[in-house]
Structure formats: C-alpha cells, structure tokens
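Chain nomenclature is as follows: A, B and C, assigned in order of appearance, with residue numbering initiated at 1 for each chain independently.
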Amino acid sequence: MTDKIRLATAWLGGCSGCHMSFLDLNEHLLDLAKAAELVYSPIADLKEFPEGVDVALVEGAVANIDHVELSKKIRARSKLVVSFGDCAVTGNVTILRNRFGVDDLLTAVYHAGPGAAPRGHDPDGIIPYLLPRVLPLHQVIAVDAYVPGCPPSADRIWAAVSALLRGEKVPVEEEAITFG
Amino acid sequence: MNRPELQAMAEQELERQKKFRCRVMCCTSTACVSSGANSLYETLKPKLEKLKEDVEFVPTGCMGLCGRGPLMTVQLQGQEPVIYENVTPELALEILDKHILAHKPTPIKDKVLPNDWPFFTKQTRVVLANSGAVDPERLEDYVSRGGYSALAHALREMTPRDVCHELIDSGLRGRGGAGFPTGLKWNMVRKAAGDRKYVVANGDEGDPGAYMDRTLMESDPHRVLEGMAIAGYAVGAEQGYVYVRGEYPLAIKRLEKAIRAAERKGLLGSRVMESGFNFRIDIRIGAGAFVCGEETALMASIMGKRGQPVIRPPYPAESGLWGCPTLINNVETYGNITPIINQGAAWYSQIGTAKSKGTKIFALTGNVINSGLIEVPMGITLREIVFDIGGGMVPGRTYKAAQTGGPSGGCIPTEHLDTPVDYESLKALGSMMGSGGLIVMDNTTCMPNIAKFFMEFCMDESCGKCVPCRVGTMQMHRLLEHITNGSATEDDLKRLEELCLLVRDTSLCGLGNSSPNPILSTLRYFRHEYEAHIREHKCLAGECNITEVPVLELAEIKHKTVEVS
Amino acid sequence: MSVVTLTINDELVSAQAEQTLLEAIREQGIDLPTLCHMDGLSDKGGCRLCMVEMTNNNNRLVPACVTKVQEGQSIRTESDKLTNYRKMIIELLLSERNHICAVCVMNGHCELQNLAAHLGVNHVRYEYVVPDLPMDASHERFVQDHNRCILCMRCVRVCHEVEGAHNWDVMGRGVNSLVIADLNKPWGSSRSCTGCGKCVQVCPTGALSKKGSTVAEMVKHHDFLGWIMNGREKNIWEYR
C-alpha cells in the first residue's frame, strides 16, 4: 500500500474537460490504479487536500480566493505540481473575463437579467471572492511541469503521467506542448 | 549681402544700440512666458514706448534661471547688467521708477541676482552666448554680435575639407547623446557619392525635463541656421531641414521668422553671400512622437512616412533622405559650429576634457533650488552642477541621485557626485550624457517609482515595430507597477531583470535598447529599495502607495482584499 | 555576382554578396525561427526572432533577415542566450493579446502556436494583458480579429508590395498599434481592398481568416507568393 504513488487531481477555474480527458485514459486507468493511489480528486469526493501527496495534477485557472487557498495548500503538501490543461497553463477561456471589472461582470451575469444572486464580494462565507484578475497557476504558485492542451489528449496525459510514475520528467517535445 | 555689407550692418546696429542710455532685456522664452513674462512685457511696453529715444526695450531669449522667472535684465550704458528674478508687473514698474528713470539709479536689492553667484560664474556660455542678450527676432542684433561672420569666413577662406578638418580638430562630439565625433560625420557625408545631399537638424527633443534645443531655437535661432549653412557648405548640400517637434510653437515661429530674414538678406537661399553656394532651409514639424528623435525615424517622418526607425546600416551618411547622403546633427551641435569657425579649433579644444571637448547645455530640473538652463564645460563634476550651480537641495532634504539622459539614461548616486561629466565617465556609471536633461532627486524620491515613470514614458512612446520594445516595455512597466504597489514577489524582480537584458539586446532602435537603463541603474545603486517594496511591503522614500499584496497572501487576509473595480 | 566567405556556427560557408544572413543560414539547412519574415516580401526586422550572435563582434546580436552577409563575418545561430531570448519574445507575443488557441480558427495551423511549441514555450511567465479588442467581420468573405494579431505587418506588406492596393496600414503606436483598412474604415467598406485575399493567406495567425471557417479549420497557403515572384522576376508562370 505505501509503495504506491500518492496522486491527487484538483479542479480550479476550468470546465472539467481536462478531467474528462483524464477519464479517457480508459484501460490505462487500470495501469494507473496499480501504480498510484488517488488521494484527492473532484471525482473522488474528498473534502480536504491531504498531506504527503507525490503528484498533483491541477486543472483550471486561479479565479477566486478559494482557488488561491487550495493552490497554496497543494503546493505545500505536494512534491510535484503539474499545471494540467490550458486553463491552468495559460488562463485560456477563463482569463477572458479579465477585460471586465469584477462588479460589472457579476452585474451583467447575475443582476442585469432576472434574479438576484449573491454578488460574491459580501463576507457571507458562501460565495468566494473573485480575484480582480484570473491568473494561470504558475503565476500564483511554483509549478514543476506543464501539460498544455484544451483539453490535453488522453495520449498526452498518459505520456505525462506514466513518465511521472516512472520518476521521469514530463515530456517537453514539440508535439507534447502545443497550446489549444 | 556680401561680407562688407554684413560688417556694415553689424557696425550700424552697434552704433544704434550705443545711443540708448539703458537696455532693458525681458526674457520671452517658453519657461518665463509660462511664469508670466507676457503680462510683464505688456505692462512695460507702453511705458517704455514713450521713452524709446532713451531706453531700448528688448524681448530676448533665455537667461538661464528658469525656476525664478520671469527674468529681466537692466543694463545702464557703461555699467554691469543687473538681473532681476520673479519680476511681476508691479515690480517692473518699481524697477522702472527707481532703477531706470531715477537720477540716482538704485537696484531693488532683494530681487537682484548677484553677478558673482556660482550659478553664473561656474558656467561657460559658448553656445548660449547670445541667449538672453539678443532679440531672437531681429537679424541685426545677431549680426551685431558677430553673426554670420563664421559663414562668411568659411565661404571665402575655407574649403569644405578645411571646415570638416577644423571640426575634427576641435574634438566636437554630437550633442544628441551618443557623442559621435561631429567632424568625422561631416567628412563622411562630404565624401559620400551623390549629386544631392541633405542637412538635417534634429530638434525633436522629447526627453521629459529637457529643453535645451527648444531654448536654443527660441533664443538664438540664427545661430542654428548659420551652423546648418556651414554644414551645407562643408558636405555639399543645398537643402536643409530643421525638424522641430510640434509642441514647440514659439521655436517654430522664431525659426520661420529667422529663415525669412536671412533669406531676404541673402544669407540663405540662392547664392549665399554672393558666393556660388546655395542653401535653403525648411522646417518640418513633428507630430508628437518621441521616437522621431531617432534619426532614421526622423527621416521617415520628413519624407512623409510613418515615423518608425529602420535598421542601420545603411547609415544616413550613405543613404538618408530619399536615399541621398544626409547629415543629421542635433540642434545644439549646430550651435557649436560658429564659435569653432570664428575662434578656431585650438581655442575650442581647450575647453573640456581629453575626450570630450567644449561645453554642454543641461536642463537642470527636479529637487534643486536653482532649476534652469545651464551651460558648463565638459569635465565639471556633478557636485559642482548640483550644489554650486543648482544651489543644492531644499533645506532638510538630502541628495539621492541625478538622472542624466532622460528615459534612456541612468541615475548617479551620492558616491559618484565627483565624477566628471563627460561622455565616457557617465557611460561607465551606467548612465549617459544624453541630450542634456538633468533631473535631481532628493530623499523623498522613490527610485523604483522613478524607474516606473520613465518606463511608462518608453512604453507610451514605443512605435510598436519590434516585439521586445513594444511588449517588453509594457511588461516591465507592469512589473514595476506591482513592485511599487506592494504585490510583487522576488520572482517578479528576477523577471524584470531578465526583461531588461532582452529589451536592451534585441530591440531594433536606440529607444528600445536604452529603455531599460533607468531600471538597470536604479537596481545597480538602489536595489535595497526594490527589495524593501517586495520583502517588507514598504517604500523607503514614503512616496509609493502600498495598496496591494502578493496574490498568494490573499488566502490569509481574504476579507480585506479584493477591491471590486 | 561576387561571393563572400563567412563562418556560420564554426563552418566556413560561401554566400552571394547581396544575400542576407537569413538566406545564407537557411541555405545551409540551419533552422532559424522567424515570424515577420516571408519569402517574397520585403523585410522589416520587427519580430527579432532571427537574431544571431556576431562572434567576430563581441557577440553582438543582429537580425539575420535584414543584415547582409559580409566577408569574414562570423556568426552563431544557437546559444543559451539566443534560445532564452527567442522564448521570451514568443512569451511576450502570447501575453500581449488574446491568443486563446482553443477557440481560434487557426488552431493547429498557426505559425505562432507552432513556433511556441517548437521553441519549447510551454508556459508564459508574463502577465496576460487581455486587452479589449474588436473584430471586423464587415467584409463579405474575410474576417479580421485584432485579438490574434501579432503586428508582423505581412498583410500590410503583401497588400502594398504584391497586390499594389495598400488597403492595410497601421494606426496608433506601441501596444496600441492596430492594423486598419483604409483610414480606419470597416474592411467591408474599404475602397482600396480588391478582395484578393493575399493578406489572409500570409497572415501567420488567426488575425485574418476566411469567413465560414470554424475552430481549427483555417489552413493557409503561402505558395502563391512564390509563383507571383517567379513570374514577375523570372518570367516563369507555373502554378502547382
């Protein structure tokens, strides 16, 4: 049990498409299960990011305070942090909201039409504050490897994850790192 | 007009000036105009109109101590001139009563600037010799002080080769900033093959705080024109352009007037001074782009194209305006030509240091007591400029640094105050001579904030042609913004330094290459100030508004944080 | 035509006197990244990716595309510094405007995207600027998207030099530069545009595209420039 690699995946400001692509690993998931234990993931329903993680795949850009807190925890508790997918690597579509002010954005989305959702900047403890600007993960915490792609293909993910399982570096060849 | 006629004009004018009992000179340069010289002029003019047989009233160019304008000089026949500071219309009337008209003339003591003041005595006025003493709109006044005699001499007594070699011997170097030997440049253009050549004066002075060229063009426009005409003769050009930035309407007006006056008298135009030499000068007005001070961009602008630099070589001396050999010099460089021709290279090369000859005009600004336009011999120390001429800091404050070379230059801290001011010494300190802006900063100035100011300037003025300058300056500005508002990390500082090197090494033109200089030099001497902003979230000078925190710290203080824009 | 000898990456090579360094380097089969350069158009020297080190002159950096070969010159096309600078330039370009590959018509065919991967740029260290830039879909067949524009000026040059229409030019300066049609008219109402589409074909990114192409559909063909140049200069009119 203890010799298995402790793997975590996290989901910040993204569409979860990278996690879907991760599930497309199909039969490789069986290989993965043999070598690694999934200790935290949006698909595993654990509340707290655990200590002593070997590899953390982080999907999505850092868009609100909760994301900042979680990224900080991930960095502190993981040996290797992998920026997983274009939103984490470049901000991608998530970052496009940066051209608007937070208030304008929330007004346009939740208040200009019907409805009166919480604005997200009252200290109600429910809705996390939005950051003034969305940031890619590496502009918030140190990142050890990058797996770009929107989403990264299952092949690309497997190449990266299997390299990490073998204790090698994530591939950085031309075909492994194109954005988009 | 030929040479004897020129001489006659000079004598006639001197004769006319002798008839007056008193000469009242009132500065009408932009600096004094902005502090109220016009109302002073309007008040005095009708009064003195009645006394016009007795008192000559002369609107002149800059007298130097711009920070205390409006300035007015009263010179009674046979006496030393007396300079008044902060002359209000009321004070002017008092001066009129007590100093000019009274039987026993008594200057208003507390408003007089002493003639033996270091501000004046430490200066050597060669290029600015006429500035503040002649009426820039009267050709006769210029001629009475030896004007156009250098051109007459060159045309009659010297070959173009002689002129170039006189300049080479004088050791004059370009006053635009880079310091290329002027004589060599002239000689290159002279030797360049081509039926048609051009002479260009670069008056697109854009550095924040610099106004040397403006003042020269406003105060002594004929000197610039004469220098250009001599250049035209030396290199074999028949057409000259003065490129003046559009923000200098007064300089443009006076140059236009001067060109017309000189043409009417045959000092410019066809058959200059009845010789076989033709030389026309036209003005080209810039449209407010700093990059047009770069010579290739300037030429593009003269030719009616978008003002963007192109890659050198070929240099303008081989292929400039419309592909013809073109001589480009700074306005101040042209201002040095007539004294060199008149008094000789040997005389000129006595002034200055071994490698930097002559004088340099500086616009001394910032936190000094006496700010203004000064002309000093090369090799003078910065300490003399700041503390003797500039009068030092405001009481209670201490000197921190002086920025030379504007946004392309660097800062010089206290420990290097005794450095001689010349091209090489300033370069060795990570700064540069530049065109002559000299901004003094005291202990209330935050150096990262100053770097940010200059970077913002470079970012706004980048033409956008090459990527490192266009995007690099913007990213450097953003990093400095983060540093000064408290949200930067150590990584940001590293990134900033890397960007400085990229932009310096890979930009297309001088604007980009030199834009990181203010950062590099403040980092060199004041790194601790950057680190204080980053590590302690503190501005040591107390100037910056620390309103942000690094993003990771938002996790702890989440209720204070996010200002909703 | 006279021949000069120079050293490229420690190899002695000869080149024709009028050639640029870039031509000489590429003739040797050496890979040198470029973005603003395009065979058949005049050179601008703006992207600064083709900078090489002059080892006979203090390792000074010069842009290969606009530097003529010289006798005795010695240059190096690869070094840690050059690699780092090239990566930084690509990163700066990616940070400047909204290059969101995932939703771009040129995804997979984009020169900027490919070059980034080729040079090993797997993340951008600089703040994304995310400017608010418009699109112009007023032309009946083409679309201009300022968000993807890298200001390489290929479109401006091909329109001026090859098509002779000069529909495109630049307004503003620095990061606020924009490529505009006529005097900042909607492209569709431009009187100078002939609708030839050359600009679209030479555009390295998704800034100019054909209408109707969806994400990843837009493929560009540069061959036409070679045909036109062969025809004009050598009188060989051959289309493949």
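Keep this in mind: a residue touches a chain if its C-beta (ideal position, glycine included) is under 8 Å from a C-beta of that chain, and two chains touch if they have at least 3 such contacts.
Since this is a predicted model, take the numbers as computed values, not measurements.
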{"item": "Between the pairs B-C and A-B, the one where more C-beta pairs touch", "value": "B-C"}
{"item": "Identity of the chain that, by mean CA position, is farthest from chain B", "value": "A"}
{"item": "Chain centre separation in whole Å, for chain C relative to chain A (CA means)", "value": "34"}
{"item": "Cα-centroid distance, chain B relative to chain C, in whole angstrom", "value": "39"}
{"item": "Distance between the centres, which are taken as Cα means, of chain B and chain A, whole angstrom", "value": "56"}
{"item": "Multi-chain contact sites of chain A, meaning residues that touch two or more partners", "value": "139"}
{"item": "Residue numbers of chain C (touch at least two other chains)", "value": "125, 127"}
{"item": "Touching residues (chain side chain B, partner chain C) in the complex", "value": "289, 291, 306, 311, 459-468, 470-475, 478, 495, 498-499, 502, 505-508"}
{"item": "List of chain A residues in touch with chain B within their complex", "value": "62, 65, 68-69, 71-72, 101-104, 121, 123, 129-132, 135, 139-141"}
{"item": "Contact footprint of chain A on chain C as seen in their complex", "value": "94, 98-104, 107-108, 113-114, 116-118, 120-125, 127-128, 130-132"}
{"item": "Interfacial residue positions of chain C with respect to chain B in the complex", "value": "44-48, 51, 61, 63, 66-67, 84-85, 88-89, 92-93, 95-96, 125-127, 129, 150-151, 169-170, 172-177"}
{"item": "Chain A residues within the chain C interface of the complex", "value": "83, 86, 89-93, 95-96, 98-99, 133, 136, 138-139, 143, 146, 148, 150, 172, 174-175, 177-180"}
